[in-house]
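In order of appearance the chains are A, B, C and D, and numbering begins at 1 in each one.
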Amino acid sequence: MGSFKGHALPGSFFLIGGLWWTGKFSFCHATRRNKSLGSSRRASRASQCRLELLESSLMLLFAVVGMLAEQFAAGGPRLRLYEASENRWKDLMNWQHATMYLFFSLAGAASLLVHATDVPPLALDRLALALAFFTEGFLFLYHLHGRSMLDVHVHQMLLFAVFGQALVVFLEVFHRGNVALELLRSALCLLQGSWFWQIGYVLYPPSGTQWDLTDHNNMMFITMCFCWHLAVSMVTVGALYCAISCAVRSRLRRTPPVEMGLLKLRDGELESDDETV
Amino acid sequence: MGSFKGHALPGSFFLIGGLWWTGKFSFCHATRRNKSLGSSRRASRASQCRLELLESSLMLLFAVVGMLAEQFAAGGPRLRLYEASENRWKDLMNWQHATMYLFFSLAGAASLLVHATDVPPLALDRLALALAFFTEGFLFLYHLHGRSMLDVHVHQMLLFAVFGQALVVFLEVFHRGNVALELLRSALCLLQGSWFWQIGYVLYPPSGTQWDLTDHNNMMFITMCFCWHLAVSMVTVGALYCAISCAVRSRLRRTPPVEMGLLKLRDGELESDDETV
Amino acid sequence: MGSFKGHALPGSFFLIGGLWWTGKFSFCHATRRNKSLGSSRRASRASQCRLELLESSLMLLFAVVGMLAEQFAAGGPRLRLYEASENRWKDLMNWQHATMYLFFSLAGAASLLVHATDVPPLALDRLALALAFFTEGFLFLYHLHGRSMLDVHVHQMLLFAVFGQALVVFLEVFHRGNVALELLRSALCLLQGSWFWQIGYVLYPPSGTQWDLTDHNNMMFITMCFCWHLAVSMVTVGALYCAISCAVRSRLRRTPPVEMGLLKLRDGELESDDETV
Amino acid sequence: MGSFKGHALPGSFFLIGGLWWTGKFSFCHATRRNKSLGSSRRASRASQCRLELLESSLMLLFAVVGMLAEQFAAGGPRLRLYEASENRWKDLMNWQHATMYLFFSLAGAASLLVHATDVPPLALDRLALALAFFTEGFLFLYHLHGRSMLDVHVHQMLLFAVFGQALVVFLEVFHRGNVALELLRSALCLLQGSWFWQIGYVLYPPSGTQWDLTDHNNMMFITMCFCWHLAVSMVTVGALYCAISCAVRSRLRRTPPVEMGLLKLRDGELESDDETV
């Protein structure tokens, strides 16, 4: 990436993704908890499925666009991997970023397949997403060779967020629908997004005054700063969750419970859909 | 911190916290096991909820007081982070400790929200507490750069207790109410508290005779000493548990089972409250 | 091994194994899911058991052949371990590879015992397989001392696949029949197989032009290349799974559901067989 | 320890412990599986409880004897920790070994309390045992400073067995009675025991010819040797399990199922005892 924009762009993607997930999981959990208050459950289930399809398609789309941008934007390798004339690899950085996007596009495609058809087992969307985050962290891990101390340090902080997210999504393979894990995933995604922005500000300060990349005090400040980002993302997720929960509940209270009879009959069947692993 | 008092204070907090948790969990487990002996279950459930609210409020209060003390006590940074005149960060140590308190205050607030309202899912109090312990360990981990061997070693021992506690509380997200995990958490909290005191004694001996911070024999002794602290905290937790268990049982035996009929009907409903995740 | 063939041979074994597992697990999962469509379940269960026996026998056979080859092929130690005349160990490499085969033969034997008799508990076949993969990784881990940077790096990549597989199979001890884990295991097995080929190409290029084993760019390329192997194996497993699922479903739809009545009665009993741990 | 005997003694303890556990778990699992064949279940449950009490008492006894031996045997510190006259710690090695025994005595006492009274929760015996193994590994981990390469290496191998065992016993807190974990624990205990003997042979060879402690080939051989120990202990556990299983089954087949009626009624209640966590 090597530029402020190169860090701000993925940062914005992850920020949007984190907010989206917070909203989606809060909404789904709130409707699930308040089902006794009535509401058009049928419709809400269908709309949830449509949400999933939308999310998967957008993830696939963004990832493909990202891959194409890394390859064909100005200075990209244009699918050539080896410069035979100079006897060296061509634009390895762009290729690495394209590889990261590739895994997110695979995760999007898997999720699309899972929710559009019923051929693959439900857990595969989480598994593919976990592998996507794992691969992102894996590539960053071997990315840091020979950089200055603070540069390595800010990327190590990033790895905590990325591998943490991979672990949480992997746990979701076994505990699908556990709302604590889902909110933790949203918070870590927000953290990753805002931390990308922070990296941009530290390594390529728009103000112009460079940071001293070898000062130990800077390193201590950055460690603490990472914790603040975590705290802010936790508070954001918490506040959004409470707001959406209360909104859903008050709307459901106002809706007259017309279809209660119908609901009771189908409840078991509808619910079980969630937990098929 | 850099002083004997600076280590004794958090040590005392964790000691009190560990004893409180041992008492609370022993009491709850004992009443749950002896429910067939009768007792005013309704009341005991309500009192348990009040216990949780009290615990959360106290945690929030102490953490906020701690934050204010770190900021405004003599020599604190008073919310200024950067000393522009000298071009350096101001009192980073105090800021780091304030950050640790910040996460415990978030955990307290989350727990208060969970138990006072029923909006957030029950598991969030454990998740927030796990993140608080994780952040504490995380900040200590990058705290040790450039210190002498024994200093690093005693703080590494501390990290075992802190990260162990973070892991145990995270496991409680999935195994809520598992009494083995709860007692392990209490024991690790006691261990952390008494180890803070030990660190104070080693690094800032009140007797005046300094330890040789580079002697390998001292390091071996300290490792062993950590194990003794663990053994003492295990025995303390075990003894308290047995005492409280026997006390609860003998008191329940004396109470005539007045409300048995009422109890039987509500049992399922009351019990299920515990395990809603 | 120290030669192109020495890496291509185990690579081919693992590739075949990965394809076999993908096929087996896809087939089993597809028949389990479509049981409501009817089909001779009795027969399919018997054929599944026969598949397991076949797999175990082949694993045992290959592993024994591998052990004998390492011992008695040209240049092998022929069961002599210590060369007393020269005061040194004899052909330690061959012995190490024979040890790896030994554990796979133990896993094959355990699986044979489990599926042919009903004496050992069902979970032992996974446990023995997990230990086999763990031992493979363990021996590779202490195999790398004093090699050049890229050589170490490609073997480290291999370790990710091997230990990942050991972990996944160990998790299967507790989550037997979880299709996400089974497909992940198949993908990792394919990855391991194709990576063995890649190691052969990098360290002993058949084309003759040597790689620069100390170039940092080569290392970055190899890291990325490992991710591509993972992506290809994920896509392969996914495509095979979908193809087999659709084939099974369309075949079952064509079969008239003759034995439905019989089926309903025995369903519970048959199903429970799967999950006895 | 510093002598051949000092390694052979704990080795023998762990070997006996491993064989005992293999026998106990095989016997319990075999009787549980064959309960439909009839047999005096009441009696078998009582005898199982007596087995547990015996095991706990022996563990406590051996650990206390071990502690006393380390303290009061020739050259022991006799409970003095600090030699004020020479300004140095006294016999730190003996104190460390006594600490290891201390934790096993705590585990024995906890297990005795759990099985003799019903005050503590059932899972505490596993938790205390897991902590005992963890502490053993923890002390060995900081034991290795400044030794020669092969000496460090053989103790690192030991750590794999010790920490593996700690992990397996900790998993048993959640999966109590999982026979795969119990047999794995037995195998790792045998491995630890035989490895102690191997360490004694390598570092203090009774034959007199010293090993070259800095030779890399010796290190590779030792790594492989550890795998062989693992293989032998796996085979031993497997063979014992099968022998005991078949013996129990054939004996139960010969016993006429007198008390079937009685059995059916109490089955649920008896079984549930096992899984109360």
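Here is the rule we use: a residue touches a chain if its C-beta (ideal position, glycine included) is under 8 Å from a C-beta of that chain, and two chains touch if they have at least 3 such contacts.
All values derive from a computational prediction rather than experimental measurement.
Student: Can we say the copies subunit C and subunit D touch using the same residue numbers, with more than half in common, or are the two sides different?
Tutor: Copies use mostly different positions to touch.
Student: Work out the mean Cα position per chain and let me know which chain is farthest from subunit D.
Tutor: Most remote chain from subunit D, centroid-wise, comes out as A.
Student: Averaged over CA atoms, how far is the centre of subunit A from the centre of subunit D? Could you give it in whole Å?
Tutor: The answer is 44 Å.
Student: Taking the mean of the CA coordinates per chain, how far is subunit B from subunit D in Å?
Tutor: 31
Student: If you look at subunit D, which of its residues touch at least two other chains?
Tutor: Residues: none.
Student: Which chain pairs here would you call touching?
Tutor: A-B, A-C, B-D, C-D
Student: If you look only at subunit C, which of its residues touch subunit D in the complex?
Tutor: 88-89, 92, 95-96, 99, 102-103, 106, 110, 113, 119-121, 123-124, 126-128, 131, 135, 138-139, 142-143, 145-146, 173-174, 277
Student: Per the contact definition, I'd like the list of subunit B residues that touch subunit D in the complex.
Tutor: Touch residues, subunit B against subunit D: 29, 160, 175, 178-181, 183-184, 216-221, 223-224, 227-228, 230-231, 234-235, 238, 241-242, 245-246.
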